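What follows is a set of structures to go through.
One chain, subunit A, appears in both complexes that follow, with subunit B as partner in the first and subunit C in the second.
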Partner chain A sequence: MKNRLKVLRAERDWSQQDLAERLAVSRQSVNAIETGRYDPSLPLAFRIADVFGLPIEDIFQREV
Partner chain B sequence: MAHKSPATRRYMRVHIALSILYVALVLLASRFVPDDAAPTPGVILWALLPGLVVLGWIWNMGTYLFALEDEYIRMLETRKALVATALVLGISGGWGLIELFADVPALPVFFIFPIWCLGLALGQLVNRLTGHRQACA
Partner chain C sequence: MSSNSRQVAASTPRTGPWIIGYVISLGVAMAATATGLITEPRYAALFWVPILGCTAMIIFTSWKRHRMLGTLSGAVRKFWRRIVLSASFMFASYCVLAYGQMAADWGPAAQRAAYIGALLGFAGMAWSIHQYALDETDEYLRSQSIRQLLVASFVTLMVVIGWQMVASASGLTGGSLGMVILVWFGGLGIGRLVNELRP
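On to the complex of A and B.
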């Protein structure tokens, strides 16, 4: 699964740590999701969507 | 600096306390139980006291997995436990078969848990080699 986390974070000038604190997860988790090494669960994906104020499908896309 | 969650800090505190208790109980048992003692109820009780601490370690690890709120870290910890379980089952199963067919010394059951703990370190290494870094728990 691809995601736009890095771009969305950069647009808001947030560090990985800033986003991790907003999501109540570790910085390692944000890094692993951003780099595609870990796909978040649906509840965490919804939390990410809430933090960015976007629908999930605008953040996560299927690999083609 | 590596982030340590409240669950990780609690796990470490309990683990250290149990480890100190384990060493103390083993030293006490060594002092009060003579070598090659007969298996009387008293001797068995002394031998089982450190075993209760081992149960405490296992309980602490299970509690830690449930207390971890970070699902990615929980996944890494679960992978470590799976690698450890694979190692201990592989060694005990493999060595057990060798024992069946060849005249080799028996692997003392006591070593199962230490080997499993060694497997946790191997699991940490597997996590690192597959690109997953985390703070040591």
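On to the complex of A and C.
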């Protein structure tokens, strides 16, 4: 699964730690999701969508 | 990763070298026991020094790393409290046991009590690690800790079965069941290395 987490975070000038605090997860989790090493669960994906104020499909896309 | 995050991650102490040191010390101790190099309990204590030293450094660097990376969550705090308490209890029981074995006037009842104490300490450590995997609310860290436990189980089974096969084939008689505990901790260390190399 691809995601636009890094781009969206950069647009808001947030560090990984900033995003991690907003999501109430560790910085390692944010790093793992951003680099595609870990696919978040559905509840966490919804939390990410809420934090960025975007629909899930605008953040996560299927790998073609 | 931002440059600030990279700097923090780069400046945090690494547990890897201590884990490798632990695994090597354990291998040397197991080989020395199997080949009959160590017979006197007082010399066996020499092999415990690097194992315990590396263990202490793994605990210290892990704790410091958690603090520096800001990942001292409630689950991690509980884990450290439990693991330090049970490890201290196990270590104290082992010291009592080692002293009891060297002191001729100690009866078997006292030795049995020390064995039970060490077993309870180990049970406490194993329980702390399993409980952390349940308490951790961060799903990525939980998945990492579960992978670490699976690697530890795999390593322990492989070493125990392999040891048994080698012992049967070559007639080696050394090694005690107590070593399984150390192998399991070594397996946890290898699991940690696997997590660091392939996060």
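Observations, loosely collected:
Basically, the second predicted complex is superposed on the first by the 64 of 64 C-alpha atoms of A that agree within 3 Å, B and C clash if a C-alpha of one lies under 4 Å from a C-alpha of the other, contacts with A are read in each partner's own complex, and residues count from 1 in each chain.
Simple rule for what comes next: contacts are C-beta pairs under 8 Å (C-beta built on N, C-alpha and C of every residue); 3 or more make two chains touch, one makes a residue touch a chain.
Predicted model, so just to flag it, every value in this text is computed and none were measured.
Look at A:Ala32: by the touch rule set out above, it reaches both subunit B and subunit C. By the touch criterion stated above, A:Ser41 is placed in contact with subunit B and with subunit C alike.
Applying the stated contact rule after C-alpha superposition, one finds that A:Val64 touches neither subunit B nor subunit C.
In the superposition on chain A, A:Ser15 makes contact with subunit C only, not with subunit B. Looking at subunit A, you'll find residues 24-29, 32-33, 37-38, 40-41, 44 touch subunit B in one structure and subunit C in the other. By the touch criterion stated above, subunit C contacts subunit A in their complex at residues 1-2, 4-5, 69-71, 73, 137-141, 143, 199. Residues 3, 5, 69-73, 75, 131-135 of subunit B are the ones that touch subunit A when the two sit in their complex. Subunit A makes touch with subunit B in their complex at residues 20, 24-29, 32-33, 37-38, 40-41, 44.
Here subunit A touches subunit C in the complex through residues 15-17, 24-29, 31-33, 37-38, 40-41, 44, going by the rule given at the top.
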